[in-house]
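Chain IDs A, B, C and D follow the sequence of writing; residue 1 opens each chain.
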Amino acid sequence: MRKIKKVLVANRGEIAIRIMKTLKLLGIGAVGVYSEADKLSKHISYADEAYHIGEPEALKSYLNMERIIDVAKKANCDAIHPGYGFLAENHIFAKMVEDNGLIWVGPPHDCMRNLGDKINSRIIAQKANIPTTPGGTIEDLDKAHELADKLGYPILIKASAGGGGKGMRIVHDSKDLEESIKIARKEAQAAFSDPTVYIEKYIEDAHHIEIQFLLDKFGNGLYFPERECSVQRRYQKIIEESPSPTIDRHTAQEIGQAAILIAKTAGYYSAGTVEFIYDKKEKKYYFLEVNARIQVEHPVTEEISGVDLVALQIDIAEEKPLEISQNELNLRINGHAIESRIYAEDPDNNFMPSIGKIEHYREPTGNGIRVDSGFFKGSEVLIHYDPLIAKLIVKAPNRTMAIRKMYAALSDYHIAPVKTIIPLLKNIFQHEKFVNGDYNTRFIETYAADLFNTKKDSKYVSEAIVMFNYLKHKKHQAEVDEYSQSLQPYWDTIGYWRG
Amino acid sequence: MEKLQVNGNIVEYEISSKENEFTITLNAEKNTYSVFAYGDEYLLFNAEENKFQVLDVYRDKNKVFLWAGDEELLVEEEQEDISAENVELSENIIKSPMPGIIKEIKFEEGDMVKKGNTIIVLESMKVLNELKSSIDGVIKKIHVSVNAQVGPLELLVEIDGGE
Amino acid sequence: MRKIKKVLVANRGEIAIRIMKTLKLLGIGAVGVYSEADKLSKHISYADEAYHIGEPEALKSYLNMERIIDVAKKANCDAIHPGYGFLAENHIFAKMVEDNGLIWVGPPHDCMRNLGDKINSRIIAQKANIPTTPGGTIEDLDKAHELADKLGYPILIKASAGGGGKGMRIVHDSKDLEESIKIARKEAQAAFSDPTVYIEKYIEDAHHIEIQFLLDKFGNGLYFPERECSVQRRYQKIIEESPSPTIDRHTAQEIGQAAILIAKTAGYYSAGTVEFIYDKKEKKYYFLEVNARIQVEHPVTEEISGVDLVALQIDIAEEKPLEISQNELNLRINGHAIESRIYAEDPDNNFMPSIGKIEHYREPTGNGIRVDSGFFKGSEVLIHYDPLIAKLIVKAPNRTMAIRKMYAALSDYHIAPVKTIIPLLKNIFQHEKFVNGDYNTRFIETYAADLFNTKKDSKYVSEAIVMFNYLKHKKHQAEVDEYSQSLQPYWDTIGYWRG
Amino acid sequence: MEKLQVNGNIVEYEISSKENEFTITLNAEKNTYSVFAYGDEYLLFNAEENKFQVLDVYRDKNKVFLWAGDEELLVEEEQEDISAENVELSENIIKSPMPGIIKEIKFEEGDMVKKGNTIIVLESMKVLNELKSSIDGVIKKIHVSVNAQVGPLELLVEIDGGE
């Protein structure tokens, strides 16, 4: 065992805040970093100390490995927590951290290297006798055509170093294969500095099911109830829920045990997630990849289990053993949790990112409503980073109540003038298919007609017009008031202001 | 009669007020609301029907965003619809659909292009977006270079349709 | 089984809101009521419909039984939920509700009558073989002196119809006995329309331990882990936590089973709480009273168990059986929860209520932080009602983390210019004795010197002065800006405002 | 030197400013802070020490309530201490310590009372409060009657101490 006293959080936005909050609860010092563009961003106020690390461009700040390690040493940190994104799955950085005598709050770097390569991680899963999706590597274009033909179109091209849909392409026709591989390679290069891509069978009734797990350094493992993350746009999740409405408890247990097996085979410790594709028609699951980091959607698991995953990451990094058994964990699970990702994107305009200043910002509050946010009134949605404003998580005794709570909470989430996907999310939580738990990864495209551009008649037209006129009046009145007030400036009677 | 756009629809109404009491006639229906500050929001009370509604508001110049119940509404002063004249233009030009960085320009000025050809690859928030030509034609002018950072709706490429 | 479709919530403030929120999650209509003074109070916006029921004085509004039942019938409600306080434990009202063909969301009225009388409830507990504190009724002054002398001073005088410390007096000397009985009788009459008081032994190292329980109409019962509510001022709780740091798990189970036994003996159904006094020195527990209602501090139990107690009250009122077993419940309990009551009182001035308008109001937010509040910016703390602004509840994996989370949340709870007990609460959560779980019902008086009027040197004097000067400047600047803006009123160019 | 009261203590300081930058000298220590809007709060950045502090504020006339870290501060313009002259008076009168309703008046004008005698029972928020005499004396004047509603710090009873 070793004691961590001060942690540098090498991230920004909601995840930096979420990590720092737990550090405070543990009595551990939190050191923040920020780019030039983040000088006034929300996360720095949660740090005990914060350091400027470079230009807005991520490469020159949040991806600047040397600079971050320098800051960690200068600030006398004994550990680095990478959050998700940026350097979180960079095994070179993880090694560099340890070579500099700092603790890496995450899995072993060699394990990260092996799992980070998707092709390699498939081999690890196969070694553990866990099924992987049919597919293979791309040696040359002819072989790629051969493999794609054998699997049958549509097929998927995926980045070997990838994640989050970056570098992923769906190909419907062999004539598009070459161009798609090219684009995917470029995207992969841009996002992960590694152009390797591979081909996978595309499953029609596919469900994205994933298992959060924990492994300590003594071989004790815990798997949590599955999260279903099938509601996606641009191959990126926007809604996650746990438990899944798709699979039964027996399958959940089977997949959970498979996850632990894969992680152990890979020599993993810390928190991680194994992603699976579940073919509902065939009732089969396939290993997809391991996310060797804390995930965006980890709060869903926290809400139904009562654990603090970041605190447990710290425990494991401090070489403490896990304290509860799988059976104890299973029995304490209760209720249903859902997460909505609040992206600054215009859902009615092909999810075009909506850049700019948030002038009006009001978060929902209440029992069982959790908002993990990196923004407040006056924050700028910046071009340089992910347009995730916040994660809205609800917990309720059952799925029906959770969906209603989510719908009410989304209605109470007021953001302007930046556009967000809240209107789309509200439509989803009112959609019969979603409410019935009958959705797969193609949900959004299948029901696009119901979900987008659905302007209903308003119930509040009179009220809205009255309010518009009232505000006009008030504005006018305020000017009159301010004017008369300025004639007798109570506050400034002493008038000693020096410019 | 006065006019406003509510959620893009033009609405005609009559309104009169006395202190914080507003009487509105809309679709031949007359209602009176009292407006009160209510936390950071407003409460509209319709005494006759014993109905109340809480509204959160944000005013952006001559637009007002409102949140009422489970709805978000946009109320604007009536505006000329200027989109019509842009429709034709949009055929011949490629604008940036969002801010980003030009990662690749696939043609040069003078090149012939076909409808559907990818002309520009724009990276925004780590995703590559292919911007395609919507007509057959010849590249007339390229306004940007690779690695340039562009704002939203910036003119990137002009294509001569040959008419 | 019967289905409830629409409920009148006969209450105001945070508890009315909390109940209405659950009704919405259950798809049940919520009808609110409000007094003249509450026309613009927060709770009415959570109702689907709301009705004015009378003058500010509670007797003429929230205690006006006929009026409330009239409204319920007029609005086509099929049930009434009383919350806590007001009519919640009024068995006459409960009967009136049922006589009017409405469902009472609470225990049977005859059971309420029996338990509402504290003297009678002691007899019920004795019948169930559960120990009660030594003491007895007051037949005449001589007998009272005799009994008090036998028990030994100090003794407690308590209202038989009482609760919440009202009508309760501690008597240290026999010369004060007569006057104290007189005062207590008056207070009891004022608060409960019943002047009966009785005498109880005063326990020195006393802990207030209580058990939340549920009983359905089929005899199925559940008890929850104990709440410790020993931190009190004026005999009223200000902090509650669960589990208690005072008793061990074996005792908790014993007391839990005792609670169920008493409730069953009384013929109870719905949610309720059995209060006990735990004598730490003697390791003995004594039955105190049954609270036949939902309690202020019920969220503490919800947070560690994941249940929604109001939803379960509705289930029971709908004649559904409880769905989980005691064993399942025991196994799902996890973590630690604490509640702080945010009263509008000046702790440094003998808890004088602080009446007036809340001009600045900012609630803490975050994972595991729950604020059940009845107030917002602009709300008035009114003389007519309880000065409870809100309840701040935190949940964390363990007690240490929960205390730290509470301290941070209290620091983030900003209310002005109305005074609150937040400064006192912060001192408590930093007090070594509380942090070590070493406190009893006399905690506040024992450590008064540490807890009150403790002005520490500020770390932020420079920053505060800079801010003061900045605001002065800004005010001045705003006036100048508004003035120049009023010369070119962009917004009012059309100028068609009619007054 | 300028003066302010911070948490009741008088503080002397010097300050100068340029745009949003403030230089303050306090106890011979000089610090420069830049002030930024930060959500609904403010952020003060001390570039020299690379330290920042978030402050929430509420201004009530010439008082400012501030919240910084785990502290709540009150900053006021320096005021004359007027409490001294009230001390003596308070001996001879009973004021309502809080708003409430007079439930009982135990004496009449002209009655002799002893220090510690309960004179008035005031009900506030359902709790009965006994207001006692702090001197021996004679009831000079009773300003209220039973069931009267009184505000905070209203004069209820005057007692003649006999000096």
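The rule is simple: a contact is a pair of C-beta atoms (placed from the backbone, for glycine too) under 8 Å apart; a residue touches a chain by one contact, two chains touch by 3 or more.
What you are looking at is a predicted structure, and each value in this text was computed from that prediction instead of being measured.
Touching chain B and chain D alike: which chains?
Common contact partners of chain B and chain D, which must touch each of the two, are A, C.
Taking contacts as defined above, which has more of them, B-C or A-B?
A-B
How many Å are there between the centre of chain B and the centre of chain C, using C-alpha atoms for each centre?
49
Counting only Cα atoms for the centres, state how far chain A is from chain C in Å.
38
With chain centres taken as the means of their Cα atoms, state the distance from chain C to chain D in Å.
Taking the mean C-alpha position of each chain, the two centres sit 28 Å apart.
Among the residues of chain C, pick out those that touch two or more other chains and give their numbers.
Residues 408, 473, 475, 491 of chain C touch two or more partner chains.
By the touch rule stated above, which residues of chain D touch at least two different other chains?
Residues 17, 40 of chain D touch two or more partner chains.
Under the touch definition given earlier, write down the residues of chain D that touch chain C in their complex.
4, 6-8, 11, 13, 15, 17, 20, 22, 24, 26, 29, 31, 33, 35, 40, 42, 44, 53, 55-60, 63-73, 75, 97-100, 103-104, 121, 123-128, 130, 149, 152
Across the complex, what residues on chain C touch chain A?
The touching residues are 18, 21, 24-27, 299, 302, 305-308, 311, 328, 331-335, 363, 365-367, 370-372, 395-397, 401, 404-405, 408, 472-473, 475-476, 478-480, 482-483, 485-486, 489, 491-492, 497.
Please output the residues of chain C touching chain B within their complex, sorted ascending.
40, 42, 44-45, 49-51, 361, 376-379, 490-491, 494, 496, 498-499
Please give the residue numbers of chain A that touch chain B in the complex, ascending.
The contact residues of chain A facing chain B are 166, 183, 186-187, 190-191, 234, 349-350, 352-353, 355, 359-360, 362, 383, 385-387, 407-408, 411-412, 414, 416-417, 422-423, 426, 455, 458-471, 473, 475.
Within the complex, which stretch of chain B touches chain C?
The touching residues are 2, 16-17, 36-40, 43, 50-52, 54, 61-62, 77.
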